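A, B, C, D and E are the chain letters, set down in written order, and residue numbers restart from 1 in every chain.
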């Protein structure tokens, strides 16, 4: 195939290339793209941005050796690191942590008041997404068995449609459909709460191992601009929402609203033990990914849970924390 | 124009001309066929005989002039049966099924007996269950005739129906047709290239000029319609004379070898 | 002068020559089966080879892995029933039901629409652009509307499949009806057939081969739309199963699902072809 | 005895009767345009009404909103270029290119395959089940395989569209070729035509109407597959645009995209029909 | 069996019988046609004349017996031209295009002049650019004849080629055909229902019995092939005698009205 022919990072082309996969969720990644931060930082590189609409397809693209760096949810990363995929990539950045922008909402009039009362009700979520993971975690937390609820696979926009008709009792989804259904529903639990309870869902930046080996300096530059984007979100919300809005075809105000509901770490936090950790000690993120893999194994979606050591090996902490500053 | 006509003619063509694009096929022609007449049309290949039949049957509108059948503008399938020059059998129906369909359209019961009877009449036995391509060319043409005979219309138009038949079969069918027309007072218009057939069958023979077909000769046949055996009829001296006259008219093309 | 009037029919001593028509399929049933088996064996060999050389089960799962998944998804093991709580046969059954109902509605609708479009002038003028417009629309784009209108259960799936199945039949029927042989239409009218009798006895029989082509295409398209239809609340359902497996990169299950879909599609098409050959003995005889 | 040999052709005083053939489309060009305009106005009215009664722009956006989006996506405003950085016309252009290339490949392949299947006996025995199998497979299910094999750029999209476009042409061609009229095939052979001359001069011309139906269906299917093909790396592209808009419930953009797809599909189909009418003057004359 | 034959016959049928399913259409028949002969086949509708031609042309395999053309099993399109009973024109080609195609298959230059010449020969002028359905039935048949004449095969098989033609056109074509066969030493097999035509054209006439077609009469025509004007020929007393003899054989069906 022609896509894979470029090899990892086009190591010996006359102009080195970086192929970045991004997704349409509000994050610093979009600011990096919109403001051309990486292009400025690496003028010698040809950088291509490709939009994907699911972690699964990004995993496929990695398998096809068609991308080098990607923005991807923690759930697909756990899959990618497990057998049978065993994708050779490493987690090098935490783009955001799901907060109030992903939540479980019960429809007014459904009689559902808390997670436990979902028994026998119809709950929708996009399967194989972070929201799916969070929903099952929330049910588990409340002591509800998975087969006691009827879980329906729907894309976010379809959740909104079915919701309006009254076909659903509850749904675990994200913005913007979350905002719509919240108008006629009650939030039972959000990903922010689950994160504090030890079941965080994250959007990660991953880099293929081959690319790390070939262009470590480019990875450093990329991490730097991503950190810079996090700073912009924190320090200059207006600029951040303008950039994100332009990428998502939203007005700055809408973008601002969406950004405000996510959790964006400070660059310095990334290198703490709670997340990536440091060169000496890989952080809790690895444990979190293993637990996500265990969950998938329970769902019979992967063959085996990877060893913690292997997952720690797949967290790229070289140069942390200094490289972010 | 024809409602005031006392003797409502079976067919009345007034100044009829028909063109296909810039090809004038027939006309101008004036022709009145009283009810009960057996009109035979003779003329060179391509002179417009089929076109004339199609005009009378209502399948074509005349470019100029007017065509009336029983005083009305003709409508296909109403009041006139037509045997086309090609058999035009429906391949998705068996031979018998083709005849049955005609009976159905005529509102008659389409029983196998009735179908067999009609097929028998055109000399076809035991072919009712064959497919249409499993019979010979002449047999196909006879099925088409049987189909048209199924419907008992006051007007019967036949376009070279016996062209693919051997002498014996042909004579049998000629006699049958002669009997039918004489007994049921139907009007027939019959196209043929055989002058012998024209004289034998017709109560009137019209010879057309080459394209554009106009009337070159309009000849009443004075021979008795009933009573005589076919061979007797053919033996009559008038028969030979009429044959000669018509034959000469058909052969005389010098008159109008002009193209329209 | 009669040369051999009473000679008895003698069997030729020469071997019967094969018919030389270049269009006749050669060989009999045995030969056909043998050829297909051979092709199957070759395909299997290629697959095995490809699986062994790539050595990446997400790229090309080995036949063994797919076979294993067939066993897994068809049995209750470790207390888990098949895949996503349903056996393979259940997934397939549910989807087949949807496909059959959807195609049946689509084919019926397409037939009616096609005949009307082919026969009624003003209707064609209005409906044809609408049909062309609609058949260019991607189901994935308008499927959300169906949810709004019909909910998330069977109805929107059946609608999607029907709408996918309708155009081939409608377009093929309309085209065939417009191409009805003038000669035979006139023959029927000369015998006194009315407008609808002509359609019933000439136009439709003549269009039958093309209609069958349309139907076969329609069923195929309904099949290939089953994953799209089952993006919504699609479990149980073979499309839902494939989708799920895909998202978890379980390529062996995906391939298994593809086989289930393809093979059942083959079966239905064979039935349709048999019906076609029965109903159209006059093929090639017009 | 010549009755009116030299009478000049006289124009009938009666008004020319309309042709009574029930199958002829009535009325001329003006009438057709008027009918279509009427239908358009009615459809527009229905839409406006539906939009006003539901009052939910995410379900049914008003015509005004869609019009507004047309302006927005076709211009550079606030420094943003169209939608997702490309003007509507660019999205459409990119997709049209894909559709046209994909259909062209699919149609060419389908033709070759169809003729071979219709003509070469042993090839039909082997290929027909394969084609039937493949056309039952849902593109959404095997698209990820294409990504693995062909990467994420144009190639997998073109493959998807080609494979979607191939079956209608292949099936229609094979069926039509098998139905070649025996009489005319024999006539050609009697004149000394060889096997391929028969195919070129009888089989293919005879199959042309059905092939055209197949092509029209193929292009329609390629169209309706554009969203599926553009799920990955689909921007610029009208399918990618629709999908993006869908995720953010920008229903007005979705509807705009649907219009762009449907209308350009209508245009291409009109071109195909014109070509068809030109190339097949003998329709209905067999 | 035929390679040892010294005088290689143009056609040799040995004990030929042909069945369609359980319908025996012809046979058993033994027939040898030497090169250069003009054989006319006559027989009732459905007796198997077309089947016989198809056997000779190689479109059918005999159920029993063997068919040889120039010593070989016949192959369609090789060595034999065939005019079918139906015109079988290609509707996707113009009238001229149909003739041009035949020239092309024969490996001859298909120039418009050559096409026009062939059409002119069958009495068709100015129709080269028409579509095949824009000409009359008789004109279609003549195009089919022109198409077959384009190819100069040693063997020419014609199945009722003049059935749809008027007397004058028919006579012209008869004379043309007679001249062709006399001058080029081609072998012709010609099917007709007209006894007059059979005697005029044939150097030998074979009358078949009704189905299954067997040889009822095999009559050499001793009339001179060249030198005489058509009318003179028809005026000869032998002409009338031959006509009578063949006519009687055709009419005599009592002998074998049994079904197979």
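Just so we're on the same page, a contact is a pair of C-beta atoms (placed from the backbone, for glycine too) under 8 Å apart; a residue touches a chain by one contact, two chains touch by 3 or more.
For clarity, every value in this text was computed on a predicted model and none was experimentally measured.
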**Prompt:** Measuring centre to centre, with centres taken as mean CA positions, what chain is farthest from chain B?
**Reply:** A
**Item:** Contact pairs, highest-scoring chain pair
**Value:** C-D
**Message:** Relative to chain E, which chain's C-alpha centre is the most remote?
**Reply:** A
**Prompt:** Approximately how many whole Å separate the CA-defined centres of chain A and chain D?
**Reply:** 40
**Message:** With centres defined as the mean C-alpha position, give me the chain D-chain E separation in Å.
**Reply:** 49
**Message:** Centroid from C-alpha atoms only, then distance chain B to chain E, rounded to Å. What do you get?
**Reply:** 28
**Request:** Please set out, as single numbers or ranges, the residues of chain A touching at least two other chains.
**Result:** 56, 60, 63, 155, 157, 161, 164
**Item:** Per-residue multi-chain contacts in chain C, two or more chains
**Value:** 58-59, 144-145, 148, 183, 231, 243, 246, 285-286
**Message:** Multi-chain contacts only, two chains or more: what residues does chain E have there?
**Reply:** 76, 86
**Request:** Would you pull the chain A residues touching chain C in the complex into a rising list?
**Result:** 54, 56, 59-60, 63, 79, 84-85, 124, 127-128, 147, 152-155, 157-158, 161-162, 164-165, 167-168, 296, 300-302
**chain B-touching residues of chain C, taken from the complex the two chains share** = 183-184, 186-193, 197, 201-202, 205-206, 208, 280-282, 285-286
**Prompt:** chain D touches which residues of chain E in the complex?
**Reply:** 57, 59, 76-78, 80-82, 84, 86, 88-92, 101-102, 105-106, 131-133, 147-148, 150-151
**Asked** If you look only at chain C, which of its residues touch chain D in the complex?
**Response** 22-27, 32, 35-36, 39, 58-59, 119, 121-122, 124-126, 129-130, 132-142, 144-145, 148, 167-168, 171-172, 175-176, 178-183, 185, 195, 198, 203, 209-210, 212-213, 216-217, 220-221, 223-228, 231, 239, 242-243, 246, 251, 254, 257-258, 261-266, 269, 283-286
**Prompt:** chain A touches which residues of chain C in the complex?
**Reply:** 56-59, 80, 85, 143-145, 147-148, 151-153, 231-235, 240, 243-244, 246-250
